[in-house]
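Some structures to go through are shown next.
Common to both upcoming complexes is chain A, partnered first by chain B, then by chain C.
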Partner chain A sequence: MRYLLGRLRHLLIVLLAVTFLTFWLVNVLPGDVAYDIAGLDASEEDVQQIREELGLDRPFLIRYWEWFTGVLRGDWGQSFRTGERVADAVLSRFPVSLELVVLAQLFAVLLAVPLGILSALRSGRMLDRVVAVSSFLFLSVPAFMMAILLIYVFGLWLGWLPVTGYEPPSAGLWTNLRTFILPALSFALAEWTVLMRVLRADMIGVLQEDYIAMARAKGMPMWRILWIHAMRPSSFSFITLLGLQVGNLIGGSIIIESIFALPGVGRLLIGAIYARDFMVIQGCVTFIAIAYVVINFTVDLCYALLDPRVRSQRAGA
Partner chain B sequence: MRFWIRGFEANGRAPDMASTASEARSISAGADPADSAVQDENRAAKVADRRRRRFGVLFWLSVLWLAALISAAVLADYLPLYPRDEMDFLELETSPFASENHLLGTDLQGRDILSRMIYGARVSLIVGLCAPAIGMAVGLAIGLVAGYYRGRIESLITIGLDTILALPGLVVLLLASAIFGGSLTVVSVSLGLLLIPAFARVSRANTLNFAQREFVVAARAMGARDSRVVLRELLPNVILPVTAYGLVVVAFAIVIEGALSFLGLSVPSPTPSWGGMIAEGRENLAVSPHVSFIPACVMFLTVLSFNLVGDALRSRLADIRESAV
Partner chain C sequence: MKASFGRRMLGAAVLGAWMFPAGGAGAAGPVNGGTLTVGLETDVRGFDTVKGGVYGISGRTVAGAIEEPLVYGTVEREYKPHLALSWEANANRTEWTVKLRKGVRFHDGKPFTADAVARHFNRILDPKNKSRSRGFITAVKGARAVDEHTVVFTLKHPWEGFLPMLGGRDMGGLMESPDQTAAGKQNRHPIGTGPFVFEEWRGGDRVVVKRNPDYWDKGKIHLEEIVYRILPDPQTRYQSLRAGDVDLIWTDRANSIIDAKKDRSVVVTEQKGAGSGLFLLNASKPPLDDVRVRRAVGYALSQKITNKVLWKNTRPFAEHPLPHECKVTNYLHHDVAKAKALVAEYGKPIKLEMIHTTTPRGRELGEIDQQLLKKAGIELQLVPVDQNILVKRVFTNNYMMSGWRVADANDIGPQLFGLSYSKSPYNITRFKTKELDQLSLAMRTAKSPEARRQTECALIAYVNKNMNMRFGPGNQYYIVTRPGVKGMRPFTFGTAYVWYMWKG
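This part shows the complex of A and B:
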């Protein structure tokens, strides 16, 4: 319990620092939004007036404090451009990004777990080497490159799946899922390799334990040994990594969402960056950082659930 | 200085290095001249091990590819290449090997893909080498300090690093190039700053590993100042594994630069870059996929090569360190 509280405090400090850094980055740097809104022929007074309307002329720290207390009250500010409330804008796009990330990790886990277990069982043999080499190849294909390849093969050449566009779930589950398969695969085909390697390494260690030999000697079927006895102690690094990857994917979804024209948080964010809509940028980054922290904390909770030793042992640390 | 102490290793180790009793026994057994059978066995195993660990064909192919790419990028101005921006309106989107003039074909605007690819390599390589260099220089310093002094400094540093890690990296890069305008310097520096935590963690872990060793303890016992211990005793040991790790980060940096220029937020448009070329080819992917796929293949091969070389060096270094213990 003390371990978890300590982690929580640590993560909250991180969250605070992230929002502050972003606010600083977005606000102190040159090229402020007032010039953009005012247009090219605006006089300096016009720009100044817009600044005052938006409250940009006040000191940075005061604005941060106002923004921060606002967030605590649930008010994330408004878009400078459209006047849309930032919280609404982010939350309405969030389900799309969530679906993308969850599907991507699902595909990645579906690839990583069987292949990781198999190559741990047959470590050093042919299968293990084939998996190792192919994981190296996949690791070297960035997500955006994989996206182009998948679009070409499955979208243009075979014509099986739609290339771009988004269908809401209300249009039918399959219609909705179809639009997510290629984007999710673009992520998953790179991510599974890392997961697989970690699982394989841990699994090899666990399979050498005495209690596994004991279970084998009892004549327990192999699948049962692997799933019931070996999986749990092998899954610590795996789960940590899974959590870290989700954090990366939320950030990386910017590219994939814009390639496949999915209306998620990433699209919102990149649109805001091009338009210098600082409140929206700030909102998106804060949202992503919160997601990162929540995921990390969940991972820590999973640790404690999976390994009883963590609950007591790390309490002092 | 640090070799004659090796005899202490078995019992002089710090407790958290977890030297088990059996390990200590095997070390003393190896030193026992009477036990020559064990020694022979060890030697045979070592030779076999060395043969297995020798760098393979793939490693040398990767080195060859990287050497060729780097020299092509450096010597691009002297190579018999088409001007990278010249549009050949007679040969738009020609396929590779189909035209006498353009070996790898032309893109949507009739520009020579081979020459754009080689000039694009400059962008990727400059960012790919500079950003990790910046990250490594700073990260190494931070990691050494954190690993050597521990305590409050270390926890402060950890919070700082976690903050950078919690920042969505790509977003910060996009912001930086949207605000400052995309240029090699902006991309390299901001990517370099974001790479600091990764390097700092690796350096810290390695420093922790060495800071407990006898040669460090001995240096301190002889009255060496902290700066001397860190720079003369720890740094030479820590820098090798960190550099090997750096090669893998180079691959990562090239990928990130590719993603940025794919989004049009790295070097501005007429300058060729791999990511930009891939993005341009997207417009007519169905008809002439080679416009995207050639730079994609080149980038893939480069990233793969850096990964392979880095990985091979890393496991080689791990072996050397193990055998030194």
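This part shows the complex of A and C:
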């Protein structure tokens, strides 16, 4: 319980810092959302009227305090441009971003784990070298470039998968998954390389441990040694990296969601930044900050599950 | 026995006739049913004329399926009956009596009446509502319902922009449900009288509309559903069309247009529009307060070169933004010798500053203009700014020269008036003369369409001569479709009338 309360306190501090910094940065950015809303044909009076309606003529600290206390009450404000409630806008788009991140990680793990294990088992041999070269090749291609290549090959040339758009799960599982394959692969084809290298390095070390030699000597099947005895101690760095990569994916989702026209939080955020839609920017940033802290908390919990020493330490504390 | 050559040819001819009957496969009429998927550049901000902003092409493409104007404006600027069957002005053209079509209903089943029309326009005109559409129809004093299907509009003065306003497909021109508006729901859940009923709006993703089974002009509507997908990135939008994810897009990207014209898997439809690009010269900032300097800039710049380099000739040359021709425009065509002569006559070094957007297109335009002015002996400093900043600086008189635009519209008059009249807050070049005021007022209060056209031309000629604004390039719209999409009719303001189309 103390541990949980500590994490909650940590979350609140992070939220305060992140939201205050974002609010301040957006306010000092050049530009005026009132002009954007009014349009090119509006007069200065129209613009001033919009500023007053939106409360943009009030002091920055008062506006921030009103926003923050509103968030604590569940009122995240409204988009200046569309009038949509920010909470509705973010929550309706969150499942899209979540599905993208989860699938990207899943694809990355599906590639990284078997290749990492095989590379560790065949360390220094041909297979290891081929996997290493391939991984550097994929790592050197940025995600947006990978996205364009995948669109060209699988969307335009072969016509196997849709180039853009999103279909919700209610339209059918395969219909939904089809729209995520290319976007998720755009991330996964770079992410798997780092995961694989980390797993390979840790596993090479673990496979040299005495208890592994003992297990081999006892005639235990290799798959059992790998999955039951070697995988667990090799996965601490792997899991840490998975957690950190989620942060990358959340940031990188802005570009991938734009390229594939996925209606996620990333695309909402970039549109709001261009339009100086403060309330939406704040809402997205707050949500991303909460998501990041929760993910890190989950990663910490995973350590406790995997490593009994961590569980004992925390129980003792 | 081998068939003779003649018999073989006859057989081939018979086979060919059977496979390809006279008239070709495309001679079939409209096909009912199916879904058309349209790729849009932006999401709609909202459908309430008071709460929402100005539509733009994307907004009009969606709203036009759900809501309708009173009159149907053609590309030739003629006005035909639509929700209104007839209209008549009084002797001094300050009062218009409009008779409405009977039997039309809103999507919620409520009847479309004169009361709905009057409430719609009076709501826009009410200063308390602070509608941004109000500025475009200030010539209208008010509207009142005389009976269930007759509306009388009272104007402050004769206004030839009245019918164009009724035919407009932007916020003010489209009829909304008064009940839905009063309930505050029209913005996110629009109700109109149009051929399609609003079904769903997933913000940032799509808007879905379904065929209105009770539409008053059913025979013209063939699709069962239209799905509007929001695809802001122009490359993504174009690739989606090529991949078959969407059936129709609008684009202004020169590379995509040129590529599409060569690509046999898509069809390109072009339509010329009114309006134009605009180059502002702030006549209140020295040395631009001297007409010789402004005219030197006018002669030094080249619309032909800009069109070729920046737009790859996908936009037409334009001497003015009007939809009709003018015999005399006084447009200053590119002439470096004349520019240099004016610079010499001015007698002092000329250093100017131009603000432009930080987009690749904005930068390129700035660089082209810088090089052109350099040839005439004029030094130009470029100041790249964010779009929001550019607009702010223009409105707060903190600029020397800038790009702008005259939007395509049924009636260009209000924009020209705003840009020219000395007391207008929209006179952003701060060029104020008695003659220009007289021309602006004469245009605004012209008593016939012909008189209006003549005064518009006179105003343009005066502006071109004094060079506080430089028009061009013109507007050309490109709609790119998959081959199976049929029923494209001439459209206005870049807005394809998708609701009339079908898929063959």
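Assume the second predicted complex is superposed on the first by the 286 of 317 C-alpha atoms of A that agree within 3 Å, B and C clash if a C-alpha of one lies under 4 Å from a C-alpha of the other, contacts with A are read in each partner's own complex, and residues count from 1 in each chain.
We adopt the following convention: contacts are C-beta pairs under 8 Å (C-beta built on N, C-alpha and C of every residue); 3 or more make two chains touch, one makes a residue touch a chain.
Since the model is a prediction, treat every value here as computed from it, not as a measurement.
Student: First (chain B), second (chain C), both or neither: which does A:L139 touch?
Tutor: first
Student: Is A:D210 contacted by the first partner chain B, the second partner chain C, both or neither?
Tutor: Neither chain B nor chain C is touched by A:D210.
Student: After superposition on the shared chain, which partner residues are touched by A:S258: those of chain B (first), chain C (second), both, or neither?
Tutor: both
Student: Examine A:I151 and indicate which partner it touches, taking first as chain B and second as chain C; both and neither are also allowed.
Tutor: both
Student: With both complexes overlaid on chain A, does A:I273 touch chain B (first), chain C (second), both or neither?
Tutor: In the superposition, A:I273 contacts chain B only.
Student: Looking at chain A, which of its residues have contacts with both chain B and chain C?
Tutor: Chain A residues touching both partners: 30-31, 151, 156, 258, 276.
Student: In their shared complex, at which residues does chain B touch chain A?
Tutor: Residue list for chain B touching chain A: 159-160, 162-163, 166-172, 174-175, 178-180, 251, 255, 258-259, 262-263, 275, 278, 281-282, 285-286, 289, 292-293, 296, 299-300, 303-304, 307-308, 311.
Student: Can you name the residues of chain C that touch chain A in the complex?
Tutor: 43, 45-46, 51, 53-54, 130, 132, 135-136, 187-188, 202-206, 229-233, 236, 239-240, 242-246, 385-389, 391-392, 395-396, 404-405, 407, 415, 418, 425-426
Student: In the complex of these two chains, what residues of chain A are touching chain B?
Tutor: Those residues of chain A that touch chain B are 10, 13-15, 17-18, 21-22, 25-26, 29-31, 136-137, 139-145, 148-149, 151-152, 156, 247, 250-252, 254-255, 258, 269-270, 273-274, 276, 281, 284-285, 288-289, 292-293.
Student: Once bound in the complex, which stretches of chain A touch chain C?
Tutor: Within the complex, chain A contacts chain C at residues 30-33, 35-47, 49, 53, 81-84, 89, 92-93, 151, 155-156, 159, 162-166, 258-261, 263, 267-268, 271, 276.
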